[in-house]
Amino acid sequence: MTESTHLTHLDADGRARMIDVGHKAETSRVAVASGRFVTTRKVLTLVRADNLPKADVLATARIAGISAAKKTSELIPLCHQVPLSSVKIDFRLGEDTIEIEASAKTRGQTGVEMEALTAVTIAGLTLHDMVKAVDPGATLTDVRLDSKSGGKRGHWTRGD
Amino acid sequence: MTESTHLTHLDADGRARMIDVGHKAETSRVAVASGRFVTTRKVLTLVRADNLPKADVLATARIAGISAAKKTSELIPLCHQVPLSSVKIDFRLGEDTIEIEASAKTRGQTGVEMEALTAVTIAGLTLHDMVKAVDPGATLTDVRLDSKSGGKRGHWTRGD
Amino acid sequence: MTESTHLTHLDADGRARMIDVGHKAETSRVAVASGRFVTTRKVLTLVRADNLPKADVLATARIAGISAAKKTSELIPLCHQVPLSSVKIDFRLGEDTIEIEASAKTRGQTGVEMEALTAVTIAGLTLHDMVKAVDPGATLTDVRLDSKSGGKRGHWTRGD
Amino acid sequence: MTESTHLTHLDADGRARMIDVGHKAETSRVAVASGRFVTTRKVLTLVRADNLPKADVLATARIAGISAAKKTSELIPLCHQVPLSSVKIDFRLGEDTIEIEASAKTRGQTGVEMEALTAVTIAGLTLHDMVKAVDPGATLTDVRLDSKSGGKRGHWTRGD
Amino acid sequence: MTESTHLTHLDADGRARMIDVGHKAETSRVAVASGRFVTTRKVLTLVRADNLPKADVLATARIAGISAAKKTSELIPLCHQVPLSSVKIDFRLGEDTIEIEASAKTRGQTGVEMEALTAVTIAGLTLHDMVKAVDPGATLTDVRLDSKSGGKRGHWTRGD
Amino acid sequence: MTESTHLTHLDADGRARMIDVGHKAETSRVAVASGRFVTTRKVLTLVRADNLPKADVLATARIAGISAAKKTSELIPLCHQVPLSSVKIDFRLGEDTIEIEASAKTRGQTGVEMEALTAVTIAGLTLHDMVKAVDPGATLTDVRLDSKSGGKRGHWTRGD
């Protein structure tokens, strides 16, 4: 992937714009993003109850993340409206952390990095909301793109 | 501040609910949250152009964060609808980082932690959107509550 | 139409996801749904005034239903975002009932059943809102899909 | 409760308006609504898996209903914007039916009947979305207000 | 009414913010705004059919304007979220013009000028949408505040 | 361009509908709209500070207009959902006026006139919001379509 040398969302005068993607090819595009919710062991014990029939914690965060991915262009001012063909969110529970991974897919003229990142962050903030009475100090950290494919610039993987 | 020992957004059967705040006192409530956008020196050089008359990068992220704070109850499923009396977002530019701080205020029956956190994360994701053609590897990290005041549990400051 | 034997919106672990429609063919798709708003003769007398130049009852319910059809993917968490090529809502007034029928069309990779059903229910709830001071006991009933066409599974008609 | 003899959302010329509630007293208001989702025994067997650790069906419908209650004034054109102090949704599984009950509370100048009804219908439509590949003929029926309290007209219970 | 000498939505550094209204008194506030939709005699002949039982033109524009008033804080970035106690829109048909007047009311800490202006403009744009196949050159003009009352600065009327 | 002789958004009974565009060709479509914000010399002096590093006035209005263009189908009841490939807003400062011009582009089955007009009006109302403490009498005027291209009816330019 070749990177740009300027901020593409600004015109020559530095003014914000929604860049023109009308000339770009429609291709299948996938993006994967992740983040880590850092809290306490006590919270993890309570959340693990979600593997029992009882608790809705992870389901609530998952639905929030999926719904938010569909709202990305309302939240990020210069994002294009992208109809997603799929969104998926996974959680991996650690001792005092919850790893969040989201993937988004579309067939279109522009990528879905922001959709995957939005799914991760809103899922993470929803976890925060649900545990904040127990741990107000929880942190959402390392929210970032892991990989993307599709489009002129081709495949990109973190660390390559 | 005393902390809860259970997840208050779940009922006795573990089912999600919007908890009843109808009995709580209306008090002035303030929350401050922060996060850090980690990118490259090159991006910071481009963003600093925002101190010149030309560029809209920080203004776009600020407006996105303020607008998102007002949408918090649409994004976080169990959040109450809180009319904010004020939202403010500040950026501090480092060598290869942008520190983001947001404060939210209301007079009401429930706190505005999630509003301040939502402002920080959407401002951060908007920065990501604007620089991703130059630095697809940028990371939003350490998103957390710094302090809150108002309500029965009183003042809370990180690290106290 | 062949029916599925499992809940397609859940993955193998039972977790909610927005299913991947990226491989599906783009075809013309139509769905028709209906419901019945059951109220009192007195209300129907008041609503029939809508055939006179004066009253906005049915027009308000119609606009609400059309607007809601366009918001379906915001309301139903696992629905795909579908740009509708047409939405149409008809009312048929009985003695103490209003029959509601909605049709939705698109050209895309997924059906528009939920869009037609959403149009019917929100039109029905809007009727409820407008008559509730006169008849708080009104009921919206028999909300269901009548037919759909397009897509791999072909045509489906209720009762076939 | 005394009932009105005219449609209060229309002015003297029959034109729609958002009626003025500025003079009404702020009181605690509660509304309970219900509906019934009628499907097949096979679907109920699949949904009951939700009592196992695996499935997100009811959690997804519950979150959808709660979120929709908060959007009521966006969906029903003449509804006032009401900040809810609580929303709760319960499901009761039968042989081939799912009973849906929602309660909404606020302290304000206008009732929350429409919020409770919106929670029921969107929870019901979300169930429809999740089972429609197995049972496209499912029906949402008997959506109605069960009781309400608060406000000038006092308590109302269905059947009184 | 005394007027400000600086732009109150900017802080001392010129940065946008949602100004703090937490200290302001809650008073009854009313704002009236108006605008004029200028089109052709032919369009007015078609719209006047709205006085017959048949046409939904003005009802559609009225519902759009009322709905938009409730969305003002989503559209205007620095507007506070204001629960409206009433919105009303009137049209006056001329030879080739439609005069639009909207009033908005609330009891709160900030005025509702922007809500009234938003109702007028979206009602006007909806008229444009409905007549544009006949008259693509229609113009929405003279959109302005006519009067406002409530709040520290007291009553203001255009032309005083 | 040939013009219609009837209101295409109404059916034969005069009822509102979202017209069927499913049969229309997908073509590149562009629309340009403009309007004029009329205020005082004093306000223009304050806004011109936006050419200095300090002020966010025009950036805020520009972001509001771009965001609103993406929300057009939520605001205008019978508008189709159109994914925009580009939105651009320009301001030209006069002595006591700000000229606003917006262009919108898509590739689709229906035009983007309403999107360009919505961008202009919401940018204009945002200017109003930001200057209203200094000039409550500001007016948004001459909001109109300047040109459009694409679609069966071909190119249209105001005044041709």
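As written, the chains take the letters A, B, C, D, E and F, and residue 1 is the first residue of each chain.
Here is the rule we use: a contact is a pair of C-beta atoms (placed from the backbone, for glycine too) under 8 Å apart; a residue touches a chain by one contact, two chains touch by 3 or more.
Note that the structure is predicted; figures quoted are calculated from it, not measured.
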item	value
Touching both chain B and chain C (chains)	A, D, E, F
Chain labels contacting chain A and also chain F	B, C
Most widely separated chain from chain C, with each centre as the mean of CA atoms	B
Separation of chain A from chain B, taking each centre as the mean of its C-alpha atoms, in whole Å	16
Centroid spacing, where centroids are CA-atom means, of chain D and chain E in whole angstrom	31
Separation of chain D from chain F, taking each centre as the mean of its C-alpha atoms, in whole Å	37
Residue list for chain E, restricted to those that touch at least two other chains	15-16, 50, 52-53, 56, 59-60, 62-64, 67, 71, 74, 77-78, 83
Touching chain combinations (by label order)	A-B, A-C, A-D, A-F, B-D, B-E, B-F, C-D, C-E, C-F, D-E, E-F
Complex contact set, residues of chain B against chain F	50-53, 56, 59-60, 62-64, 67
Touching residues on chain C, where the partner in the complex is chain A	11, 15-22, 73-74, 77-78, 80-83, 109
Chain A to chain C touching residues, read off their complex	28, 59, 62-63, 66-67, 70-71, 83-90, 105-107
Chain D residues touching chain C - in the complex, by the definition given at the top	1, 3-10, 13-16, 35, 46-47, 49-50, 52-57, 59-60, 63-64, 67-68, 71, 74-79, 113-114, 117-118, 121-122, 124-126, 128-145, 148, 156, 158
